Each structure stands twice: as C-alpha cells, then as structure tokens.
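Chains here go by letter, A, B, C and D, matching the order in which they are written, and residues are numbered from 1 within each.
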C-alpha cells in the first residue's frame, strides 16, 4: 500500500518537474524562443511535404519571431508592415483567405481585449456585436433581404454607422448586467450572444431567418471593386492598426487607469471615486464598436451571412486567442489569432508519412484533435499567455500571491 | 552548530510569494513544551513564517525540522499529520459550516469516538462554543471565531500549535480569556509558537521570544529579557 | 515599459503610414496579380463596376493548362468534421467513386481533392479558397445550401464550374449563377411535390410541420406550407427542433396535442430519426413524412422500428430505374458501407463534371491538356446523363435539373425496415 | 391540462439530466473557481461507453427481451468509469498545472480538452450517430393523455437518486466535508489535514461519475450517441448551475429542473424555436434581480 503511494507520488513529482523544466526551457533558452521559430520557418517554407501553404506558414513564423524578439521599435514594425503587405502578393487565394481571417480575428481580439483584458469583464458573448455589425450592414445594403432596404448606403458609410449601432447595443446589453461579476457576467453575456443568434434565426420577417442574407454587394474603393479577401485584407489590416493604436492609447490614458483600477478591485475603485458604471459601459461600447466594424467587413467579404455563422464558437475563439496571446496587449492578440485561426487551416495540409503508419491525411482528419491538444499544451506551458504584457505578468505574480493569501 | 536539532527548528528559511521573498533567512528554534513568541510589526514576515512551517508555502531555500525530521518538502496535510497544527491569521473559520462541523474538520485525520471526546474537551476549554454548536461559523462574533479557530486547531491533537495573531481585533477582556486558555493548553503539554503584534501580552505568556524585522530575526532572548530590552520597549511595547 | 508608453504612438504611426503606402501599391498591383500563386491560371481582368450578383463572370481567355503527366484535379467541398460529417463523408465517397470509375480523361489521370466545408458559410468559403489554390478544374459541392450560397462568389471570381449534389435550397439558384449547376433537387420542386402527395394522394388534410432551423429544413417547410395550404389542406402548427439536441419531448407533446394527420419534417437524419422515435414512443400515430434529408438507411437504423410506415420524398425519378441499384452495389463493394442519402447525387454531379471535362478539354501540340473554363461550364450545361444514379440528368437554364418526361416525384415508404418505392 | 402535465414531466426529465450534469460544473467550480468546459464531453463519453457496452452485449449474446438489469447497470457503470478515468487524467494534465495560473487559463485549457475529445470521437465513429440497442421494454404508464415511458421513469428516478446520493455524500461523509471545506477555503482546509489535491481529484471524480452515468442513461433514453451530443447539455447545465448560484449544490439541482421545465413549457407557450431564448432571458432576469443566483451566497465577491 505504502509503496503504491510512493510510486504515485514519485510519478507526480516527475511530472511536475518535467513540466517545470519545459516551462523554464521555453522561458530561458533563446534557442527555443528565437532560433527555433526561425529554423522552423526556413524548414517549413522549404518543405512542401510538410506544408503546402508555405507562404502563410513562413509569414506566421516570421511574425511570431518578430513579435517575440522586438519590442515596439520602428525598425521591427516597418519590417513587419512590409511583410504584411508583400507576402500576401506571393500567396495564393487560400493563404490570403487565411490571412484575412487572421487579421479579422485580430481585430475582434483587440476589441474583446478591451473588455476582458483591460476592464476585466469576462465576456463570452462577444459574437453578439460582430453579428450585429454584419447584419446591420447586410440588411441595409442587400436588396434581397428584408424587402429591399436598399437605400444605397455606401459600405464606407456603413462602417461607422454599424460601429455606432454596435456600441449602442453594447451599452444596452451592458446596462442590466453591470452588477454581475466574474463568471456570472460570463454566462449572461454568453446568453446574450445566443439570444442574438436565435433572434436572427427566428425573426424571418426581418432577417430572412436561417436562409441568411445573401447577394451582399461588394465594397468599392473608388472604382476598384474589393472582390475578395485579398483586397479586403488591407482594409482589415487598416482596421487592426487603427484599433490597436486606439486600444493602446486608451489603455495608457486616464480611462485605461480607471479600467485597471476596476479590474484590480472594483470596490476600491468605486470607493476612490471612479465611476465604475460609466467606465464599464465604455469598455463594452468600445469593444462592441470594434466588433461591429469587423462584422461589416466580414459581411462584405462573405457576401452571404447566416445566423449560424455567429454561434458560440466565435466568442470562444476570440476569447481563447486573447488569452493564449497573453491578455492585455495587442502583440499577444496578433500571435493568438495566428495560432488559433491560422493553425487549424495551415494544418489542413500537414502530413507525415513514416514506417507503417500512413499519416498522409493527419492534417485533414486530425487537425482539430491536434488543435485541441495544442490549446492545452500552450496553456499548461504558458499559463499567462504567450506574450503577456509586462504589467500583466506582474499581476500574475501578484495574483499568485493573493491566491495563497486569500486561499481562494 | 551541533547536529542535534531542536523540537522545531527553522534554518535559514527563505520564503515568500512569487518573486517577493517575505522572509529572507529566518532561523529559529522551539523546544518541547515551550511557548515561543514571534514578534514583529506589520509585514515583518511573521505570518509567512508560520505558513511556511505548516507547508502552505514551500520555502525557496533553508530547512525546517520537526521532531528530528525534515518537513519543509511535505504537503500541509502531512505536516498536520505529524503534529503541527496552525490556527491561521484572521481565524479562517468555515463560515458556511456549523461550529460542530468546523471542529470535526479540525480532527479530519482522525475518526471515531475519540473525536467526540476531544470535542467535549475543547468545549470545556471554550464553553462559549458549546452554546453555538449548531450555528454556522459565519454567524459567530470575532472573539467566538478566534476561540473556534484555536479549538479547531486543538482538535488535531497537535504536539505543536502555531497561533497567528489570536488577539487581533478583540476586546481586551476577550484577549485575556484567550491567552489564559493558551497557557492552559500549554500546560496540558502542547508546545506553542505564537505570532503576535501585541508584544506586551505575548511576552507575558511566552518563555522566549524572537523579534522579526523585514523578514529576518533581529533579536532572540527570553521573554523576560525582551520585556526589559529598551529597543523592544520602544518599538513594540510603546514607552509607558 | 511604463515609461515608454508616451512614445509608443511614434513607431505605430510610422508603421501605419508605411502600411498605407504599401497597401495602395498592393491594391494597385492587384489588378494584374489576381492570383500570385497560380502559375497555371492567368488572371482574369474584371470589368470595373461589375454588378454584385456577378451572374456573368468574364470568360474569355480564361483557360487551365494541365501539363503532360500531371493530374486533372477536381475538388470536392463537403463536411468532414462535426456531426454533419455523417452526411458529408458519403458525399465525398460518392464523388470519389465516380472519379475512380472514370480513371482517365484523354490519358490524364484524375485526382479528387476533398476539403472540409463545415456545412457553413465561412467554412465553405475557406474550402473554396483552398480548392482554388489547388488549381482544381471544377468542384463538386458545397454540401450545404448556406455554404454554396456563400462560396459561389469565390468560385465565380475564377469562373470555376461548381456542381452540387446536395445543396437543395431554393435560394441557391435564385437568382441563377452562371457557373453553378446542381444534381440535387431544388426544394421548390420537392416541397411542392411532397405537399401534393400528402394533401391529395394520401389525403392527410391536417399537418404539423417541423423544421430543424437550417437553410434546408426551414426552406423546404416554407415551400411545403405554401403548396399544402394552396391545395386546401391546413397546417396545424409549425414547430422547430434544435440541431444537436436529442430530446424533443416538449415538441412531441405539443404535436400530440395538435392531433395532426401527418407530421412533416424538414431536416436531416440525426434529428429526424430522434423525432420519429419519440413521436412513436409518445404514441403519436400520425403519419410521418420527410424528404431527401432523411432518405437513408441510417435514418431507419437510427429510428429503430419507429420509422416503419414513414414516407420519404426523394425527388423526381423515373418509374423504372436500375441505375441507382447498380450505383449502390458498386458503392458498397468499394467502401463496405451503404451509400448515404446524397451519395448518388454527388456521384452524378461528379460524372457531369467529368463528362464536361471530356467534352471541352483539348490536347495541345505539346501534349498538354487545355480546358477553357467557360467552355467547361457550357459543356456541363449540355451534359445529359440518362442513366444517372439519381435519375436522368439534364439541366435547365437556371442550373436546376429538368424533370424528365415520364418521371414522378419518388416517394418511398419504410416497410420492414427498408425504403420501398410507392410512387 | 393534461398537456401541461405532460410538458411538465418532459421538462422534469431533461431538467434532471441538466441537474446531474450541472452538479459536476458547480462542484468543480466550487473547489477550483474554474468553469470546466469539457464537462459536457464527459457526459458524451459516458454515452459512448454505455453504447459500446450494450453493443458488446448485443454482439456477444444478444439482449434478452426481458429487462436486462445487469446489462443496463454495467452500461451505466461503464459510463461512470470512462468519465472518471478521463476526468482524472484531464485534471492531472490540463488543470493541475494551472492551479495558480491566471483564472482564465484553465478555462481555455478546458476548451482545448473539449475540442480534443469531441474530435477524437468524431474520428472514432466516423462522425456517425451510434444507435443504442433498445434495452428498455417499450411501453408507458398512461393516465389520460399523459404518457410516461418506462425509460423516462427510470431516467427521472435515477436523476433524483443521484441527486440524493450526492447530497448525502456532500453533507454526510468525511470526503464530502472535505470538498465543502476546500470549496470554502483551500488553504485552511489544508491546515485541517485535508489533502487538497486528492480532494480536488475526488471532486472531479464525483462530478465525472455523475456526468458519465447521466450520459449512459440519456443515451438509452434517446438511443443515440454522437460526438457532438455533449455540447448543448453542457451549455444548458452550465446555465443551470449559474442560475442556481454557481458553487451551490442544491442550486445546481434546482437550476437544472427549473431550466428543463421552463424550456418545456415555453415550447408550448411561445414556440419551440424560442425556448432557448426564453431560457437565456430568464437567466438574465434572475441574475439581474439576484446576481448571485437563486441559491448562491451573496457574499462571494471573489467569484
């Protein structure tokens, strides 16, 4: 009996040690942080037998490398910007599609990060804002749906309009639930997300129901028709930069400090005279506006949207990429989006063949299995996210301390 | 340095939270049957010391010995099993459990009729708790909660009792009652390591004392000597 | 970090400016570089200000050249993950069977590439992008109507021929798309035929309609309702079930309360089988009717004995046909499993694609296979397969199937645990 | 009237399932303050284990026409064991290393586990619904238009039985007491000599056993198992747990039944396509007026 216990304990200890070592290795050894991504990039980019989607893969690895290596300096960002523009030219349609999705989800991630990362409000229904942006735009411009609301509104006009409406929705949804904290807020926002989707599905008279809104006209940039993900990619990229810029500016402003105070200790913040209601609503509104803007671009790219496009998975994906990237900073969101949105797609073409097992279809068949395991692995190895902001990292330490102190 | 270890011995213990080390090399000894007071101001590392002994914190370095065995790598429940019982700071009563359940939890590692006998015993030590037996822990007053915390710690039949700030937030009358009981517990054969901000009362009941400052032991002496020491009087007793 | 916050906007704005510059250049270049990766496909220049519906993709010099020794790649967009894969995998296999049987076209081998479209709009668009990047000649798919509607725009940009064996939604060909055909039956046809059969032939005058809130199920039931009430019958109530749920007791109770003559279901096997079983368990004796979404042995298997007596509409089919049996036998021989409910449609769709390639492809002087995309689409429109596994195949101008003379909307009834044709 | 009774019974049945699953959520939340998003997948795995057990019996010897009590019991036990083993493994690999991590990290890890399990089962089953052999005699107790099938009675009774069993376990056993203690204050529980790690594992074990058993019985009830079948009950049970006040065992039970009955009645009231809307609107309303849930404790500010 005793020996069995000893054995379990030894095993447990060994596992703990292995885990700690792996984590330490990831943190400490430049080989893993810098050299490995580069090596992977080179090998992956040159190895069609591993990945067909080589430019995307190379881009992902390179951006990862840059994100890990440089702090925000002009040179790094310039290289990044140049690559973000140049590499897509080398890409095929599929890779551009992936890139568009990564960029779009980065934008959504930045929006949600304001709510979750900055203000500390756990929102599992972010898709509501994304959906409302997309549907507002689609219903207004697509003549097929809703009996011709076609008022000839331009795509460009619709972006701010949809953002404003999404922000209003954010406030409307936020108001009743502000008293809720933590996980209660999470489930209520999840409920809101589902309510919005179900209403889109059920109110045939307004939204055309499950048949969706289709034949959404293309956006135009002067005379140029933005036909597909490639052209719209630049628009999303602009959206990402504007959102990122705005997000970082706000975070470092008085508003950001108020959010931080609320996140740390809402009661204390309130006692210090921070108008918590206002700032929480503000976080919802800004996050919603960014989500709504993303929705408009999504609808324009997709040309057909359905209630089912806006299910819980979207909210979960966005939340997961924010957390995996490392809450509270934009670089983390970019990295998270690449991993969460890019990886499953790039994995489609991943194949290994050796010995007696034919894994030629491993990517196509098992990509989501691999993906699930990867989520766990990343979290276990980097619980604070891959690129936590330094401020957040400090909080992490503190949280650990509080954890023991308060014995939660 | 002799190889012989004290009943409870801390040797160069460094411990804390995350990157912040609240104690930076604490060494102290408690002999069997003693009451030892650990005195220091807020943030000196007193609670951290106790939490490290009871295993809630794993020391970054240093050794902790109890009854001749190292305990600094053991998980808290094993340390309890070896006879170390800790009544933590702020009492930490299980508010949603009845007083009786709180006491039974104290005897978690034991079972049977002797637990009921022990309950009877601690209820004689703290008669106030008897009246409150069916009530939820959260409904007790501060003093009652402190009594419950000590009573609960006794339920483990400790050989050494770690008491963290038993006087905190209590009216002087209650403080006196509690310390009288502490003395009684000690007379029954339980060694006590007592952490207190209220140095005056701690040094009255203790045999020896340590002064902890910014995570290190500043002074060690018998309680009487400490009571007389100018430095201690100035800093911890207030000049009267 | 904190101290540098104030200066962060500088690099960011520099980067943004650079980005804007690059972007303008890139968009400008985009006209000539429509598909950077596709060396086989010279870009199609599109006229500016093209109508959004893009019903007339520019054809012209848009050709595919397959080098001697290379394979002709044909795409299959279907659902390979999520619960919908139980529909999607037999579709893939049906299409692959057609490719395997065909073997070669003009001595060029054919390769089928299947991509997962998740039965959703976004998934189908991603699959379309993937298939286009693989330089497929044509595509069988997408599986679900919503996916097809969303992905057709992407395909249209390259003027790629798309034939779906399973997208039955009315909106898929309304308005019609020049590059799209389907071997699946338009719900508009099927729903009306079902209604006629239920109201007139069976004389079931009072129906409860249940849909699965999908494009297919809701669309089909809408058509059904219109035709059914138009024929003088009444719809007692319309119910909905949620895909993925397994307990429909409340809906069943409600149906029981309506006491209808017939329960008509628009949806797929998983929900259909559960629904009919729970109806029977609650001793609802009304007839049960479904459409091609449940026309599958799996429906009967999953419903247990409860499927007995259920009516299943399968679309227009000639009175006598051995083609399906032949296909079903070959399918089972190949995969060791029974064909799925859209397998034969996918098989036919792929056969149309292959026939169209055969008809339109030419071998040039160097021995390369040259396929003109527009010619391929035109050829596909002209393909006639009198012996299609799902019945004779011929397309109208909209890309829907022509209902051949002498065919009736096939209705099966479950008898002794098997589908038996009764009309 | 009879229809209302029938709807009420329908709602109680599915509500019982929600309640049993919700217990796992709420208990794990209690001890770890973590939403175990993979809990619905344990339910699904339980359903599969039950299916494979029954299928094996059927392949091997065929199922008798009479009520095969032993067979049914072993299917349920198989469901429990499978879910328990998985829960212990997932706790060890995916959650324990994150005990002191930021609170959202285990959430994502759990989502990863959930995606992993769902897709593994999709591969294993080739995405096909697995059909349970019918082990329960068809037939029902009828009262006017109200009809309650035997399997439904079994499910109803079993869910209540499990709830009572769990209640006794939590309130009356030493292990239950340690779970309550750890839920309330992990460190102090350790100071009492409670082995916190073991208690947490035990919590997973108990929650998983309930989910696995529920999965197997539910599988017999709906007679199918699919890889995606855990998702909706998972979300609903989670909702039920919050509705009742997350962390509260009686709350999870009440929340489960409440949600099931509401859904069922609103099918008649408003329409089946709106039943989830009603459920979520109700949730929002309840939480607006009682932000800590029906049975939750309001002082729980840290949650």
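A few notes on this one:
Going forward, contacts are C-beta pairs under 8 Å (C-beta built on N, C-alpha and C of every residue); 3 or more make two chains touch, one makes a residue touch a chain.
It should be emphasised that the depicted structure is a prediction, and the values quoted were computed from it without experimental measurement.
Graph distance from chain B to chain D, where chains that touch are one step apart, equals 1.
Counting C-beta pairs in contact across A-C and across C-D shows that the higher total falls to A-C. With centres computed as the average of Cα coordinates, no chain lies farther from chain D than B.
The mean-CA centres of chain B and chain C are about 73 angstrom from one another, to the nearest whole unit.
Chain centres here are Cα averages; for chain A and chain B they lie 49 Å apart.
With centres set at the average Cα position, the gap from chain A to chain C is 31 Å. Measuring from the averaged C-alpha position of chain C to that of chain D gives a distance of 36 Å.
Residues of chain A in contact with at least two other chains: 201-202, 365, 368, 400, 404, 407. In chain D, the residues touching two or more other chains are 119, 122, 185, 187-188, 273, 276.
Among the residues of chain C, those in touch with two or more other chains are 80-81, 213.
Per the touch definition, chain C reaches chain D in the complex via residues 80-86, 88-89, 213, 239-242, 244-247, 249-254, 256-257, 269-270, 273-274, 277-278, 281-283, 298, 301-302, 304. Chain A meets chain C in the complex at residues 53, 55, 72-74, 77-78, 80-82, 84-86, 88-98, 101, 201-202, 204, 209-212, 214-218, 221, 223-225, 227-231, 234, 237-238, 241-242, 244-245, 248-249, 252, 302-306, 308-309, 345, 348, 364-365, 368, 389-391. Across the complex, chain C is touched by residues 3, 6-7, 10-11, 13-14, 17, 119, 122, 126-129, 131, 134, 138, 140, 145, 147, 149, 218, 221-224, 226-229, 231-232, 263-265, 267-268, 271-273, 275-276 of chain D. Residues of chain A that touch chain D in their complex: 15-16, 19, 116, 122, 176-177, 179-184, 186-188, 190-192, 194-195, 198-199, 201-202, 267, 312, 316, 319-320, 323-324, 327, 365-366, 368-369, 371-377, 379-380, 383-385, 395-396, 399-400, 403-404, 406-408.
The touching residues of chain D, when paired with chain B in their complex, are 174, 177-178, 180-181, 184-185, 187-197, 297, 299.
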